[in-house]
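Can you read through this structure? Questions will come right after.
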Amino acid sequence: MIFEWLAHLPVAPVTAVLAIPAAATIVLAVLPWYRPTAYLNVVATLATFLAALTLLAVRPEPGTYLFVDDLNIVFVVLGTFVGFTTSAFSASYIAHELEIGRLTPAYLRFYHAMYQALMFGMNLALLANNIGLMWVAIELATLSTVVMVGIYRTHEALEAAWKYFILGSVGIALALFGTILVYMAARPVIGEGHDAMVWTELSTKAAALNPELLNVAFIFLILGYGTKVGLAPLHAWLPDAHAEGPTPISAVLSGLLLNVALYAVLRFKIILAANPSAINPGPLMASLGLLSLIFAGFMLYRRRDIKRMFAYSSIEHMGLIAFAFGMGGPLANFAGLLHMMMHSLTKSAIFFAVGHISQVKGTQKIAEIRGLTESHPVLGWGLVLGVVAIAGLPPLGIFMSEFLIVTSTFAREPLLAIPLVLGLLIAFGALMLRVSEIAFGEPVGSMARVEASYVPMFSHLALVALAGIYLPSPLVAWFQNVARLLG
Amino acid sequence: MEVSLAAIGLLLGCAVLAVTLQSRAAATRLVYCICLAACLAMLAASARHLLSGAEARAIHLPIGLPWIGARLRIDELSAFFQIVINLGAAAASLYAIGYGRHEEAPERVLPFYPAFLAGMNVVLLADDAFTFLVSWEFMSLSSWALVVSSHRESENRQAGYIYILMASFGTLSLLLALGLLAGPTGSYGFAEMRSNPPSPGTAALVLALVLAGAGSKAGLVPLHIWLPLAHPAAPSHVSALMSGVMTKVAVYGFVRVMLDLIGPPAWWWSLPVLALASASAVLGVLFALMQRDLKRLLAFSTIENIGIIFIGIALALAFKASDMPAASALALTAALLHVLNHSLFKSLLFFVAGAILSATGERDIEKLGGLVHAMPHTTVACLGGCLAISALPPLNGFVSEWLLFQAILLSPELPQWGLKLMIPAAGAMLALGAALSATCFVRAFGISFLGRPRSPVSASAHDVDAYSRTGMFVLLAACVAVGLLPGFAIDGMAGAVDRLVGTRMPVQASIPWLSIVPISESRSSYNGLLVFFFITVSTIVAVKAIHRFASNALRRGPAWDCGYPAQNPQTQYTGDSFAQPVRRVFADVLRARETVEMPTPGDPRPARLSVAIRDLLWELLYAPISGWISSSAALLNHLQFLTIRRYLSLVFGALVLLLLMVAIWP
Amino acid sequence: MERIFLDVAHMLAGGLVLVSFMLLYQDRMFGLLNVFALHAVVLSLSVGWQAHIQGAPHLYATALIALVLKALIIPVALHRVVIKLGIHRTIETVGGIGPTMLAGIGLVALSMVVMLRATAAADPLAREDLAFALAVVLLGLLMMVTRRNAVSQIVGFMSLENGLILAATGAKGMPLVVEISVAFSVLVAFIVIGVFLFRIRERFDTVDVQALDDFRGERR
Amino acid sequence: MALMIDLFVQGVQMLLVLALAPLLLGYTRKVKARLLLRKGPPVLQPYRDLLRLSRKEVVLAENASWIFRSGPYMIFAATWVAAALVPTFAAGLQFSWTADLIAITALLGSARLFLALVGMDVGTSFGGIGASREMMFASVAEPAMIMIVFTIALVAGSTQLSHIATFMTSHVGLRVSLGLALFALIIVALAENARIPVDNPATHLELTMVHEAMVLEYSGRHLAVIEMAAALKLLLYISLIGCIFAPWGIAPVGAGLTDYAVGIITYIAKLAVGGFLLVLFETSIAKMRVFRVPEFLGAALMLGLLGTLLLFVSRSF
């Protein structure tokens, strides 16, 4: 009965998912006091998350601008959830930043408004039924994160923001050209006007679209949106943006924005895959993914800054996910989806931990963080757990997805599995090396205890651990037909 | 089966419990008591299953990989290994009830210890690839946490790092191997794998991967480097588990895949196994002989024993391939019996090392000596363990090696030339290893227990508490029992052997005088019980006769030592000097370099002798790899420091490249 | 009548490519800005023409935006920046003007090949437009990667974006063109403001990344 | 009844070896002296020595432990049992199947291990030297012994000494590998019994001594027992060589008294010949440096391995 009650809600969930952040943006932009705004931020994201949950129950008809299907709802729910937990984390985090004076209340207002704008942009990009609209939304999300990366206004922060901004803009431009080309490819079939940019139309008539145009379009799109995903060699903005921005933003970037960009790529991959005479997008994605995986694995070794290190690990995992989707097939797609979910949860949890650490120790330099499990047992073991999870050790969720990816690859393309496994091992070695330095040994630096709450971090880790042992069958079924959708 | 599940659940719960009450003092005792109970329960259950010869029991849990779930199954093989594991684990828990009190940071041990036990048990029960690998890696992970438990020493952190790296290398290799067996359809259940054996080429690949995977966990040369680092780093009861028990889980993995899942073997499979195994058997003990650190010495000797076990498995493979089931059964029985024996005496010896460590705070035998007076009980336990591991009758170590020799003596019947030439060489290596290990443990025992104390700590040592003593003596009793009545052990594991090679050794329990006869009375037979009986009797006779007829006068005096004046303990023979003859004989293998620095006459400086031993494997295999990785990391690292324009050029280049591809696309 | 339409559109689009080459050729800052203004003018003409022949009035808005923002405001603003930062001397290029021009010609050829192959089916108008637009985009990128100076990189980016607008308008009946052009104008505004606010942005290269990373302890 | 006889014969064998061991020692000493044109001690001198030693009081080092005191008996017992299991004058004794050749080798190994331990117990430098060298020799000699066992076992199809003996008496011609095995066995025997060229049984206070260095601290009855054990070991090896390579006259299973008598006589004859050859060899060769010994024994190992390989290969013809 809950369902029909939901059906008679005053606002449709879809609009709620978009309206709440939009409204919150404006409100937070004008509200002067920072502490209530922090809580308001949490409340707004929670409301968004609940609205997204209702989408699971009642699914509206595809509209001209918005639509919900199995694929994007995965991303929406995941995104809104991570957005919620991250806002909860940032509430305590930002307060501390204010105390030590890295931020002023004015900037804080700006920060919260931008946070909501980001949520709005991402939800819009995910729910958009129109490739042009999606493009605009992703640009909005990018801009909001750019200003948040630069919010500390230090030399490095501005430099990172600028790098992010320029590379992002070029990526955006390429993506737009690709979008236009897709429209051109669709126009003869679907006819002029709005319909030729609508997902539902495009995906139904995909087979009839002009293949050559689609090929060119996909190149622009994967380079454009791939810049956002952080695939090598387009990754350059990612490490610095993660390292210099506020930690909640690093968590959101790794946990959400990369996924959104990946979602865009996936959408176009579906269309291309459905077109018989277009080039198969799989190999391109797979090779870019493999490249990023191995490249990031090597880059992990020389990192001195803890946030930058985990940023590179994000590149590695995005590469792995792209590889899985590039391989295609029900098993690999399932693994890719699972891995994406697990990575978002784990990586944001790790960034929460890193945030606590950098606030306690007052540094992000790995060399100045030692013996954490002794000085801060809960935090230290939390970090170890997170890294163990991200390194793909059981019984945590990522092991399952990596197991599926590697075995399915090895069964189909044995030669591809060898660089894959090597890359995984190389990255594993780097991560374990650093974590054993950070977590163990003689503690150094300040022993101050952590004020902020561990709840967001451990809730994520608990979910990951649970998923590693037990996946509820509805989720499995859902993932499976998404995997079928992805082809 | 249900018992095992319940016990595993209990262990996991205990781990969680330990996290919560790690601070309280009683936690140690409570946790280890729970572990002891769980292990005993599983021991009883698996023993009942093995001896009752019941059919394999399977259970299907709705967890783990969806659409397959977690399949658990217990058959004779897993039951046998469960007995081995839980025997060692129970003893370790008992020992730890006392020993754990010396732990400086119990909260770093208590949560992981039960998890470690649970992990090992699940590996034995797993019946699908995913469950197997999850528990396998979980086992490595929890033991890694135990290795780094005393994390302040940098070499422990180093050891832990190398350990976890090698462990996940092994897991990935096993993952690939099982992936191959599962095939593109992704049928991860062991039953499906049994039902469709792979093609010869695939099987060869699987062999290589399993050898890498299980071998790296078991410590086969050349994948052993982590073992002597990691095992000593853990607390002693955990070292006992890792050395005595976890390596057996690796052996189980190898046996399970190569003798069960993969179907009928090819004869040449045994060649690489045999080569690596005999290399391990000799190199392990040679390096053990050179160690000063007692626990590291034991770890190296583990490598040797693993080599012995794998020689047996290789023989079993060869015989099975050329359709000689009886011989194959003999070889496999020898291997499995040695699995049991090694788990017994290696755990025992690690307990002894732990006792010495907690009594003196020393692991360096050069600082010990004269413990025979200070720690009488430990002395007895250690002496027994040393006799057993040196493969001397009437203890258990001898029986398994004797059976192995008998199996080797059957190998001339094999048709393949490669094996004809390989197996005698392996036999020589085996004998060499046995003799060297006797030397090694004479050194270990003699230097640390006999003679005069080389340091005040060893003079003022005291025997350990009752729990630890009980733990040691339980294992010692087991060693003696298996040594005197091997027939029952052989009959006990016959079920497992039968399942794997299709037949079993002749029933031993019915043979008169309880002696063991591998093939036929006329060929060979051995009776540990009678040997023991004769030795005891003749000892008694000798003693009685002497005390009857000879004078019983006895006077204590200073040591004679060819009339040299009584010197201080430092002038005793040291461990290094004891090892010197062997070091010189095998100098080429060990790459031992001795440099003597003799001051000129009148120069008051002391003369120094310094010995350097190089590990060729490290220099030839591991150093290059790590060097390559770090150099390429340094090379790629430049990409972190480009200007925005250069990054843009990367994007631009990628774009132009792809456009060109499309342009020339047919 | 169609013919004329086509020729004019073709002429304007080709003119845009030509002006892009002029941009590549420029080696003086003010000259560059003026040529860019010309670029924008040609773009707005072309867009306006498209609006006329497609009978799509909303495209006039795009044309107007292009004219006002890109042909007047931004060049003037950049002018002031240049004076403020005192960088009106010559522009350091990477690898000289000549090779750059050659590369540009190669890119044009590439875009022709790619597009004319791809759009064999589409109507000629669209084909020409798309091909030229791709050429302009690539030339813009080329300019960004061959100029060390921030302002000229911005100019390159904006010419790239002009190419996009050209393509968008060329795609007959494409919705959201106005919105997109607005969004892009916002982007460009951001960039210019960025140059204004963060004085450090005299050149993309001057942010001595090496020094920064030493500071972060990233470099060994 | 039959069991009684068997047990009786077994007992005779045990007592016989015990009785003959010192005699063999005295005999060899005598022969050696004669070969060196000396008069030499009477043949029964070893018995006297043992008696004298056992009457003396024991002088024990202060820090000698229970291992030091119980060691001699252990060594003696292990050696005696081993010697009792070698068919001397009769095959198929009651308990011959208790331990085969491998087990006998291992029993001697146990004895050696205890010897090395007691050598280290008091903590003198000489004891350590002796122990470490003894173990080093053993670690090469034992594999050689095992290889010899392999060779013989492959020929005779058994590792059971009495079966080997009966097999050898009946049907076996000259075999290359058997020759190699004999040679290797002799080398091993010399090393195990601390004879020249490996060690000098007559030396004292000399840095190259091995066996004597370990028992340096012993006196009185303990020393007597050790000496007895050493004598038994020598006897064991000679009778081992005898029963494998010269199995003539050994009474077969279930033989009558006459056979036993013949067996005993031939056995004593074998001992005499073996002892003589041993001494002959000893007098004609010089003692070698300690670190030449491993090469000497390594030669034995190689010979054994060669013999085994030959058999492995010849099996397929």
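Letters A, B, C and D mark the chains as written, and numbering starts fresh at 1 in each.
Here, a contact is a pair of C-beta atoms (placed from the backbone, for glycine too) under 8 Å apart; a residue touches a chain by one contact, two chains touch by 3 or more.
Small disclaimer: the values here were computed from a predicted structure and weren't measured.
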* If you check the contacts of chain A and chain C, which chains show up for both? -> B
* **Chain whose mean Cα position lies farthest from chain D** => C
* Ranking chain pairs by contacts, what comes out on top? -> B-D
* **chain C-chain D separation of Cα centroids, rounded to whole Å** => 100
* **Chain centre separation in whole Å, for chain D relative to chain A (CA means)** => 79
* Mind checking the centre-to-centre distance between chain A and chain B? Centres are C-alpha means, answer in whole Å. => 44
* Structure fact -> So, in whole Å, the Cα centroid of chain B is separated from that of chain C by 69
* To do: Specify, in ascending order, the residues of chain D that touch 2 or more different other chains.
  => none
* Scan chain A for residues touching two or more other chains and write them down. => 162, 166, 170, 212, 215-216, 302
* Quick one: which residues in chain B touch 2 or more of the other chains? => 634, 637, 640, 642, 644, 648, 651, 655, 659, 662
* Please list, in label order, each pair of chains that touches. => A-B, A-C, B-C, B-D
* Give every residue of chain A touching chain B within the complex, in rising order. => 162-163, 166-167, 170-171, 174, 212, 215-216, 219-220, 223, 227, 233-234, 236-237, 239, 279, 284, 295, 298-299, 301-302, 331, 371, 373-374, 377, 388, 391, 393-395, 399-400, 403-404, 406-408, 410-412, 417, 421, 424-426, 428-429, 432-433, 436-437, 439-442, 468-471, 473, 476
* Which chain B residues qualify as touching chain D in the complex? -> 369-370, 372-373, 379, 383, 387, 390-393, 398, 402, 405-406, 408-409, 411-413, 415, 417, 420-421, 423-425, 427-428, 431-432, 434-436, 438-439, 442-443, 445-447, 450-452, 513, 515, 521-527, 530-531, 534-536, 538-539, 542-543, 546, 549-551, 553-562, 564, 567, 569, 571-573, 577-582, 584-585
* What residues of chain D sit close enough to touch chain B in their complex? -> 54-63, 65-67, 73-74, 76-78, 80-81, 84, 95, 97-100, 102-103, 106-107, 109-110, 112-113, 116-117, 120-129, 131-133, 135-136, 138-143, 145-147, 149-150, 153-154, 157-160, 163, 205, 216-217, 219-221, 224-225, 290-291, 294, 301, 304-305, 308-309, 311-313, 315-316
* Asked: Given the complex with chain A, which residues does chain B contribute to the contact?
  -> 62-67, 107-108, 129-130, 133-135, 137-138, 141, 148, 151-152, 154, 157, 160-161, 164-165, 168-169, 172, 175-176, 178-180, 182-186, 188, 629-630, 632-634, 636-637, 639-640, 642, 644, 647-648, 650-651, 653-655, 658-659, 662, 665
* Structure fact -> Note: in the complex, chain B contacts chain C through residues 634, 637, 640-645, 648-649, 651-652, 655-656, 659-660, 662-663
